[in-house]
Each structure stands twice: as structure tokens, then as C-alpha cells.
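Before any comments, here is the structure.
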């Protein structure tokens, strides 16, 4: 039979600056039929986007097609020139880009970007083109289509932008749409709606879709057939249900096992990782548990109480815009007691991180708040010494592993720089300790001297954790610690944090947008929306049958894959 | 960049950090122009350093000069028998020697001025970014002020107060160099400030000074390093202009710029060698410096490096 | 861009034709005339410009111009007889009334600022019209110099301003019962720019002045239909302008540039020994001079032997023909030897060994340290000469720190007397004596002597001679006194004369230029071959 | 918006104050008007009189405050040298400078930006290497020397362009302009080129690096994926984006040209304000220098302001937020 598109033993190589050759794809074969929705899943580095780029001739100029080919309805297209791709791009193959906010040109209006595509692919001009543009937007379910045309991308939400990208993609009614992580940048509620639209569009024009994603949930809901990639190689492929429910390869199994489940809480993920096991680790633990230099109050009072936290951000006026005031957090109160983990969930912009940053003193809350930590009123802290003691005891695990380490310091230095500065440890001791801590968080101590850029995201996050631990904190604020990571890495990391918490008796404030993760990590949870707490309580209650419609909505939107596996 | 990210994310074989020399080689490998430039720069610097030993004449020792040797065309012999490959100027100063010594002055002036100026600029820029508020306002307004203050008047002031001298020119150029750097660094530092490692440092209770020196500085400096060579050639040009305006280095110790300026008077009368030779050398040197700096810039530009 | 290119081509075509026709003389000055109003400003270019339009009782050559002669009634009273049949550009006849008016105008302060030429009028107590064609000048002390100073008093038409009828009575404030004098604008738009000169004002913009021939000129009318004066301060550009055909004649080409004209068919240059003496001023103060230090702490420059040694060390001929290509004259006294009234003096010899010996004899066998100052932007070749001097002195063992500064800085330091030795040039309209009377005489308010005596030089012999000269109305006797003064000064050498400058003009080869000593450039000097 | 403007105004007020003080002190230490203006046959009495007429015999503080009080009344004083009110003196020379400055910037943009985009798009080509070589040469030659070489070539050897002066001008709304006048344009060309060469090099570099960065943005890839024809890709998507930094820098550059093209104006004896500044500094004409620099400070404030506005116009992200 004649497939719509056939990727045949494709191998793509990049010569790297250090002389090595890096293979983004290795003998990959993919087949897609008309109207079929095919998923290509894999974690970062799997090379899944490269497939789409090859099909559209968008590979970076220095990429080399070492072998194999891509053919569209039998004719080979992978070797076409820039000009040769002209009749294909947008016309026969539509493309949906990872991040709608960056995919649209920030300085051109939506209308301009839509119309130029229409004029490129159809003979519609002037009003006809405009009418068609509006029609497309309406098909993509963009409300008030007409006056969106005059807007600029940054004026619209991510969801809307993605719908506009859809409209652009279907403009020439292509046979195939390549959707590269179409929903990664979107909130879970938006994600669902957007995916539905995409599905609808595909159906109505019988357009085939290659859906590139890392999200099993998305695959489960969208795809009939799925390919699993890893490090540019094919792991396995088959009908979605089969691959997801009964993965035949270890990696696939791991992948599935690593996915946090909203419906049931596991105490550990069935993946390798967690604390390193060795003498170093014990030395590290010994250091961390040596607490005589700290005054531990053990009573039934909560470790941290927050009352009426509010935060207003003011952006000063500029030439063109007046001063803007934005209330990020609006009167939030909560307690965190010893050893417990309090979760805060909410969509982007709900102000959940701001709460934590206020607790840490990285943001100054608005007047009229009350923050007590270890029975100490934080607002009254004056002397540097008090502050110091506090900052040692309250630490943070940051969101973005790529910016949370000082790029100009070795891993070890990143971990122990501060405690050296405070004189907690001496030079040699510090070096030892750095090694031990790295072992503790599951990194070989041999990497102590490496610079951050030599580590992967997950590894950097571990270094971040080691740094936080080095202060022997009681309280950890985890600000979306895994949102930037792949599921398997996330699972390992979450395991590690569970272990550390139980061994060191840490108290945690855990912020995440992913209800499933929160379900796995937290005892109690606050649900935030637009700066306010809409619901709070035990996870098992709130995340199972919530009272508040918003929370219910969140749960609804969660892509869940229903195939249960043993 | 997708590819760049993927690359860092793939498990790396345990490779030691590249040494200075390896980095260096990586930057210049396969860029003949840049290498040529590099060689050029080194040659110029060597000439400047060893001028007193290789120059046929000491052009700064008035007793050695004789106007009877004046305006000799290239390839003549001076009264005392010295061979003058590039001819002499009106005062019997051997142009070749003049160029060697001039190179010395020009490079010295430019380098010290730019280095000191940039250091000041960088520190102020960082301070502005770190402290914000009135500190920032004052520093940035000072930058504005400097931009609207003419260098010639500045140089004149220094000259009037302290008299002529190479050091005065350096002061003038330092004051010329700091502002742009302060601007640049502040911009970069501000974006660095948004990153979480700064929060981490704050959280660790580190002092502002430490944050500035160990965290902000090393991460904000590279753009400055990239423009540094260009500033240096800029400073050489500026020094030349000051000399042309009569407020530059002492006329008895001409820099390249001053040699050119003097030669200017003779261009129309066909005594080309007096300004063309120093001019050519100046251009060549600046050219080398810039070729090298361009290479460094391209290399520092992440968009391009991912592709290299 | 494209458009400009085409226009450019058109222009190029135009250029070829251009240049040839020269009924209008296009001259380029080295600096812009400051005003059309003849009084407020001095300076060669301003003077050169204004004498096209205005004339004075005495010409630049100290000979009668708008006058026919004069008689001394007493050493303090001079009657000048005016030329008859002269009329202004506006047709008004020229009379004594105009002279008194002009004198008043000279003294009058415009917006409370004196005219920079006023000082020459200082000693005058009264100016009286004697009938229509004679004017009497009264001074409180004998003021024979007035004869020569009269050339500063450009004659304006009394009809110019708002002047009540009837005779004008002079007073030193310049008020003279005159309601209003013409303003700067009146002059620049031409209403008040009315003289008796051979050219009439047409327009005067920032760097560009246009004049047309005065066909009713009392003397011989000019051959030039008109004159255009541009001002190009950068010598390179000025010279290039000539070569490019923008101008027919330029003043002050550099000595370097004119060498390019050797054997050039289209362009040529002319020179004229000028009245300016370039010399080194030495502070002879016995307490020592700023910037001059000797090992034994003594004051070298106070020792005449040292000063003579420094003079002996200088090879003046080398300077004049190497740096000036012969377009300068080695100096042998403080005023150009070729000026009327200058005494005969021997050439100054050059002998480095003798200089060394003399220096040793003076007690400085190993020399001393001398900071030598020179303005960097004032005199043609100035900095080079300064370096040459430094060369010669360092050869006889003096350690010279040459310090060149822009004129503005230099002038301040000079006025503040912060310089022990500096290079300086002085030219003067009034013969040889004037300059030394200012430069070397002991200060004397009444006679206005020694006001620029930066040498702190004081010699009875010299002062006696100068004082005698200052009050001598008989020309021959005056010259005698000048001679004595000059010899006295040269014997002590409070300053070292180096050379006399020549004025230079570069011009189209088909023109001849009969230059003048006073460094001015005017159309009268220029004619076709 | 208003608060912003007010803050800016306040700050620039302070700037003007500081600048005026700096210049006052500066000119005071640099030169003595009397020494420069008085001719040698002035008696000491004449000099003292002159000093009092210029008002420079009073203590500096007094001079400064009387200057301030006059300035707030809009009177910037009278030139020592020309004995004319300062403001007209500067204003009448302004058009000449503005013309050349704009022409130079214009040339810079029209030549530099296309070159830059070209070399940004074809990084590997020979021609690109040549361009970058030339740009480097271009701005490594000292401005004054460049000027003389230009004169040498175009005026002396080729005799196609006049070497100096402003040439004929046409009156327009009472302003003398060289633009609408062949002779004027010809006179303007050499100075303009002299100033433009550096700008060309700079614009080329700006446009090149801009292009290189923009070309790797997601939206460029996506636009290609949409199948937009390349010309439009460059005209709309690329150009619009690189213009943003270019405009910002060009603004300041223009300011620099207007304020300090002293060397060029001197060498070509172009009757503009730059030459005026240099002459005034050399003639100790403090009133002119002070007024001049105060105006320049104000100009830069305005330019910064305009640049911000332009920035907003070009970048909707700033316009609508």
C-alpha cells in the first residue's frame, strides 16, 4: 500500500564544535497513512523533532543526512533544495511549532501572518483572503476572530496563539500536519481544549497528523499508533493501546512506570535512582545530621505560619505605558508543621511560586502580613546574624536547572561556596563534603570539578539539591523542581527527595502545576487561582473529589491514560 | 537551540574541562584570517616592546635629530650614515624609528586607557544593576553626561591643569572608555539578576560584594571582553585625533597618530611617506586587532557557536 | 543617492569650464573676518577684509591716504589736511565731520564692550574739525605715533547713524551727542557698511563675503569687478581648494604645500617678507624663572652669557631654508631688519662650540634644565621651529623639555607669567620701535611702555632711548633713538630673535601678487600678468 | 506616562546644571579670555578694562550665578569673541550641521543595512568576508586622515568635488539649505562621506549580527515552514525585527554626529556648529561653549526620548502591554 509519508532508515548527524559527530536520528523508520494520527514520543534528546524538521527541509544548515530518506506519497523529498520544498511547505505539509508564543513573529499582526500564508498558498486576495482568514480562525475556534486579526501575538494567550498557528497550518488544507509538542507550553486546562480542536480539524479535512510529544497522556488521548524513541534510536512502536498498556521493552516500561498517576499515590516510583549508596553517602548524612549547631524546637506548633500574605507588583511607567499594578498574591494564609509537605498547585500566573518566594524573603510581602518561622517573627528580623541563621535553615530548590547554578563555578564550588564563605567548613573539608553530597544525591564525586554546562538538566537539579542541603536546612521550598525535566528523570528525582525527606526529617513547601506530582509528594495541598486560594486540605480529599469547581476542572482536564497495567 | 540543548542533555563521556590552550585552538582553528590577524598583533606588540633595541635611531632624543636630515625620501642615508628605509620628517626624524616608537606609545596608551576605563565601567555597571535605585540613576546619568561632553575640551582641561604628557592623554581616554562599558555591563547584569542562581546566592546570605564579584561579574563580563579589542582600536584612533587637534601626546614623543597628523601637512606636496607609512601601520594594526576580535565575537555568539 | 551621483556628474562637467573667468577675484582667507563694522575687531583677516570698503587718513605704508599731509602745531597737537573730492559709497562727500564722527564711533562702547582697537586712541584728548577739510588732534602727552596709529581709524560716513545736524563735538566716551550709532546688523546688511574704499559691500555671511567694484572711486578703480572672500581655516583644505579651482588665490599656504607648486603650470606662489619677528622670550628675573632649574639653584637666564650662548647655538640659516624653504629671513634684531627705521646690525653668528664654551664660562658646563613653551596652533611651522631650537640647545648640553599648547592655554599661562622661556611672534604696524617698547621697556603707564614685558627686563640705557623715541616727533631723530634702544637690547639679549616670517600667497599662475609686509590680503595686491 | 516624562525632565534638569558647572570650571582652568582677545599693544589698563567689560574680573561663583539667572530668563549670554548673543550664533550654524549629519546617517543606513543583511544571510561567502574586511578597514582609519585623503582624491586629483566650504544654498522658510541645490549638494558630499564611512561600517555590523540572531528565531523557522516566499521573509519578518536595535543605536549616533563632528567640519571648513565649538574652545569663548553644551545635553535627552518612542512604535511588545 502507498503511505502518505514514509520515513525510511533515516539517520541525521550533526558535527559538534568539539569535533565529535552527534547522531540526532539513527535508522528511524516511520509510516503515516492518510487521516491517521501518529504519535512520536520520547524524552529530550530522543531526536523526535528532527523527524519533523527533515520532512519540511528545516534542518540546520550543518545537519547531514547520513542515510535513509523521507518520501511523500512515494516521491523522495528529504534531498530537496530550499526551493524544492516551496510547493510542499504549508501546502502539503503543515507545521505546528512547539511554542506558539515564539512561533509567531512578535512584530507582525496576526492578520498579516495569516494573510501572507493565504496569499502564498491560495489565489484568494484582498477581502476574499480576509474572509477566508476569519473562516480559518473560526474553524480553529478562535473567539472574536475578526478583531484578532489586528492584534499582536503577545496580546493573546498561549492557547489562542496555538489555535492561530493551527489556522495557519490548515490554511492550504495540507495532507499532513506535523505537530511538534503542540501543548507543552500550555496549561493543562487549555491543553485539553486545544487538542480537541486539533483532532476535530484533522477529522474534518481528513488530515494526517504526526504528533511529536513527551507526554504519554496526550498520546493516549490522541493517537492511534505510536513510535517510542530514545537517544535518536527506535525503541518500539505499535498501536497506542498496546505500547502504553503492555510495553515490550524495559525503557518503555520504565517510561510508563515513571508517569505520576493522579488516581493513586505510590510511595516510590518503580525506577532506579534515589540516594546514592556508599560510604560517601553516609559521611554526607552524618554531616547533615550533625545538628548540635542548630536550635531545634520540637513542639506541636507549626514550623511555619503564614497569615494574609499578599504581593503587588508595580511596573514603572515608560514612554508609552503608564505605571501598571498587578496583584500576584491576594491574602493567602497557611501553616506548615514539622516534617510535613504542603503542596501548592495552580496554573501559570496563579501566584503559587510568589508565595514561596515571600516565605524565603526573596520578595517583600505587602504590608499587614504575618510570617512566623520556628516561633520567630520574620518581619521583625533585623540583625544580619539572625537573617543568616534563617537563610541557612530555609532553602530552596529552584525551577530552572539551567539558570539555578552559577555557570562560572564548578559543581563542587556551587555546592559549598556559601558555607565556605560563612566559615561553616574549611577549604579541604568543603571539597570532601562537596564530593560526599554529590554521591548522596546520586552523582559520581568525580564530577566535582566539572562546570554546570557539562551536566544534564536532571543532574543539575541534583546539584541544586545538594547545594540546598549543604546548609542543613529544616525547611525546603521546592519551586516546580521537576517541571523542566523528563518523566523518568522526574521520577528519579522525586524518589530522591522522598528519601531525603524521610532521612533528614525535612519540612517542604512544594509548588507544582502538575496535580499528579503533587498527589505523589504532598500530604496537604492548597489550590490557587489568580492569586487566591480556592481550596485546601488533604491531597487524598482535594485531589480525589474536590469541592471547588475550579479544582474539578483541573482534574477533568488532566490527560489520563486509562489502560491499566499490572 | 534545539540541537544545542539535546547535545548537553545526552550523557557525556567523562571528559576533562578543556585547557586554555585547547579553547584557544578551538576558537582559531580553520580561520586563516583570524590567525593571520593574531600573528600580526603579536608582531606589532613585539616591535613595540623591543623598539629601543631594533630601531635605527632614537627619535625621541632631540640631540640625535638634525633638521639638515629633514624630509629625506625613503631609502636615503642620514648625515650620520644611518639608513632610513621610510625616509625622514621635517626634523630629520627617521620615520621607521618613529613608527616603532610610536607603535609603543599608541599601544601603551590605548591598552592602559581601555583596560582601566573598562574596569571602572564594568564595576560601575554592575553596581548600578545590583543596587538599582538612586545609585543606578546617578551612574547612568553620569554616562549620559559623559556622552554629551566633548573629548577635546576634556583633554584641554587636563592639559591646562597638568600640562602635556602621555599620562594626561591616558586619563582623557579612560574617561572616554568607561561609559559605554558601564552601559553594556548593566544591561547584561540586569538580565543575569533575573536568573535563579542569584536568588540562590541571596538565599545563602552572601554579601552584595561577593555576589557582585563571584556571581555577577564572571557572568556579565564576556560581552565586554568581546568588544574590548574594538575599544582598543577605537582608543588608538581617539588618541590620534587628540594629537591631530594639538592636545595629544608631547610632539617630541610622537605616537602613530601624531606622526600621521604631522605628515598630513606634507601629503599635498607629495612627501607622502611622512604620513602614509605610519598611517598604513596604524590601519594594519587596528585591522589585525579587529579581525581577531570579530573571530572572538562570532565564537561568543551562541547562535553561531552551535553551528560551528 | 543615485540622484546625487547624476548631479555630481553634471557638476564635474561644470567644473571644467569654471575657474577660467576671473573678473571676480575669489580669495580664500585663513580665518573668517569677524565683522563688517571696522572698529570692534583687529586681526589680519578682519583688517584685510575691511580695507576693501573703508579707508583711513593714513595708508598701510604710513603714507597719506584720505589725507594730503599734516603739520605738528605742538608736540601734543596735530593738524591733518583731508583729501578733497572724495565721496562715500552712498555719494555723500567726505568731510572733517565724518572724521570726528568716526573718532566718536571708535571710542563708543557697543553693548558696553570697547572696540578692541580703541587703545590706539588712548592718549587723544580731543578731535576738532577745522573747516570741512582739516582735523586737529589733541593729546595730553607728546604722541608722535599717532601718525601711524591713524590707520586704525577707518572713516565712516557721518550719515550712517542717527546723527543730529551741525558740527559734532568729540568726547572720550564716544557719546558726542549722537543719538544712535548703526547696529551690527545695519553693517552686515550693508546699510551702514559705507566707506570710501575701492569696493562696496554686497553680502557678508558667516564664512563668505562678497563685494563689488566702487566705480566712482576717487583713486584708480580696481580691475576686479568684484571680490569673493571665503574663509578656510584648515590649510590643507584651503590649498586643495585652490588646486581644485574653487579659488583664484589663497593666503598663508603652508611652506610644505607650496613646494608642490614647483614647476606647476597652473599655479604659482608669491612671498613677501613680513613685519613679524619670531623670537624666544627669556625671563631674565634674577630670582630665577619658572620652569628653568640649574643644579646649583642659580638663575641661568639671568646671566647674559647664557642667553648669548643659547643664541649662538641656533643655526638660523638651517631653520629658514630647511623648514621654510627660504621663505623666511634669519633675524639679527627684534624687528625685521628690512623695515623702514630699523638700525643696521650684524648677522647673528652660529657656533655651537663657542656656545658651549660661553655656557661653561657662565658657570654651566653641564648645562641646565629649561622648560621651553610654544603655542601649537599659532604660527606656521611654529612647533617644528620650536623642536629645532630644542635640538640646538640640547646639543650644547641644555636639557630642554619642550611643551606645546594650544594658543588659548598658552596665552593664559603667558599672561599669568608662568613661562620662563617661550616662543613668540610679534609684528607691528608702527615700525621697529613699537614692539620693543612694549616687550622690553620698564613699565610706564603714561607712555604706555613695557605692558608686555614678559622678560622682566629692565635697562636704563634701553629705557632712556625708548622714552626719548616715544616723544620724538622728528622722524630722523626718532630712528636714531630706536637704533640705540635696539642695540642696547641686543647686547643684553632678553629675548633671542630667530627669524622674520614671510607672507605667502598661492594663486593661479596667470596672476601676479604684489604682497605687503602687514600680512593682509587684499584685491589691490592682485593683478593679471 | 506623564510621571515618566516628568521624571525624565527632572533628571535632565540636573544634568544641565552639572554640565554648566563642569564647563564653567573647565573653561576657567583652560583659558583666559582677556589673554586671548587682548592684542600685544594693549596696556595693562586696557586689559583690566576689557576684563571688566567681559565680566570675567568677578569671582567665578558670581559669574556662574549671574549666568544661571540669565539662563532661566532664556538669555545664554553674549559671545566674547563675536560680541553677539550666543543663541543665534549657534542656531544660524545649526542647519549646516544637521544637513550633513542626516545625509551621513542616511548614507550609512542605505549602504550599511543591506550590506549587513546580505553578509548575515550568507555567512560563508567570499563576498561576505570582503565586506567585513572593508568595514574593518573603514573604521580603522582615523577620521581626520580619511578626510584629507578624500580631499586629495576627489578634489585635487579627480577635481570632481569641491574641497571645502558650503557652496550655494537655497533659502527655505528662512533657513539656508544646501540640499535643494546642486552646488550645495556637491559641497556637502565629501564631509558627508567622511562622516558616513564610519556609520556604514557600524550599520553593517549591527545589521549582520542582528540578521544572524533573528534568522535562528523560532518564528523565522515557522515562517519558512509556512511556505512564505523568501523575499517577503526577509522584507517583513527579518527587517522589521533587526530594525529595532538599529534604530536605537542610530538615534544616539545621530546625536553624536550633530554634536561632535568637529574634526570633519574643521577639515572641510564646513560652517557648522561643530567647527563653532572647536573655535570657541580655542578662543576661550566661554558663553558659546557653555550654551552649546547645555543645548547638546538637552538634545541628547530629547533624542533618548524619541528613540524610546520609536522603539515602542517598532516593537508592539512594548507598545501594547
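Letters are used for the chains, namely A, B, C and D, taken in the order the chains are written, and counting of residues starts over at 1 for each.
Note that in this section contacts are C-beta pairs under 8 Å (C-beta built on N, C-alpha and C of every residue); 3 or more make two chains touch, one makes a residue touch a chain.
Worth saying up front: this structure is predicted, and the values here are computed from it rather than measured.
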Quick check on this structure: which chain has its C-alpha centroid closest to the centroid of all protein C-alpha atoms? D
Counting C-beta pairs in contact, which chain pair ranks first? C-D
When the centre of a chain is set as the mean of its C-alpha atoms, what distance in Å lies between subunit C and subunit D? 37
Can you work out the whole-Å distance between the CA centroids of subunit B and subunit C? 45
From the C-alpha centre of subunit A to that of subunit D, how far is it in Å? 49
Where in subunit C do residues touch two or more other chains at once? 236, 240, 243, 377, 406, 408-409, 412
Which residue numbers or ranges of subunit B touch two or more of the other chains? 1, 156, 160, 264, 267-268
Who touches whom among the chains? A-B, A-D, B-C, B-D, C-D
Using the touch definition from the top, list the residues of subunit D that touch subunit A in their complex. 1-5, 217-219, 221-230, 232, 236-237, 240-241, 244, 305, 308-309, 311-312, 314-321
What part of subunit D is in contact with subunit C in the complex they form? 30-32, 34-47, 49-50, 53-54, 78, 81-84, 92-93, 107, 110, 148, 151-152, 155-156, 159-166, 182-183, 185-186, 189, 266-269, 271, 279, 281-284
Subunit A to subunit B touching residues, read off their complex: 14, 16-18, 22, 24, 44-45, 47, 49, 60-63, 231, 357, 360, 362, 384, 387-388, 391-392, 394-396, 398-400, 403-409, 414, 417-418, 421-422, 446-447, 449-451, 453-457, 464, 467, 471
In their shared complex, at which residues does subunit A touch subunit D? 56, 58, 82, 86, 88-91, 95, 97-99, 102-108, 112-113, 116-117, 120-121, 152, 154-155, 165, 168, 172, 316-324
Would you pull the subunit B residues touching subunit C in the complex into a rising list? 62-63, 65-68, 70-71, 90-91, 156, 159-160, 163-164, 246-247, 250-252, 264-271
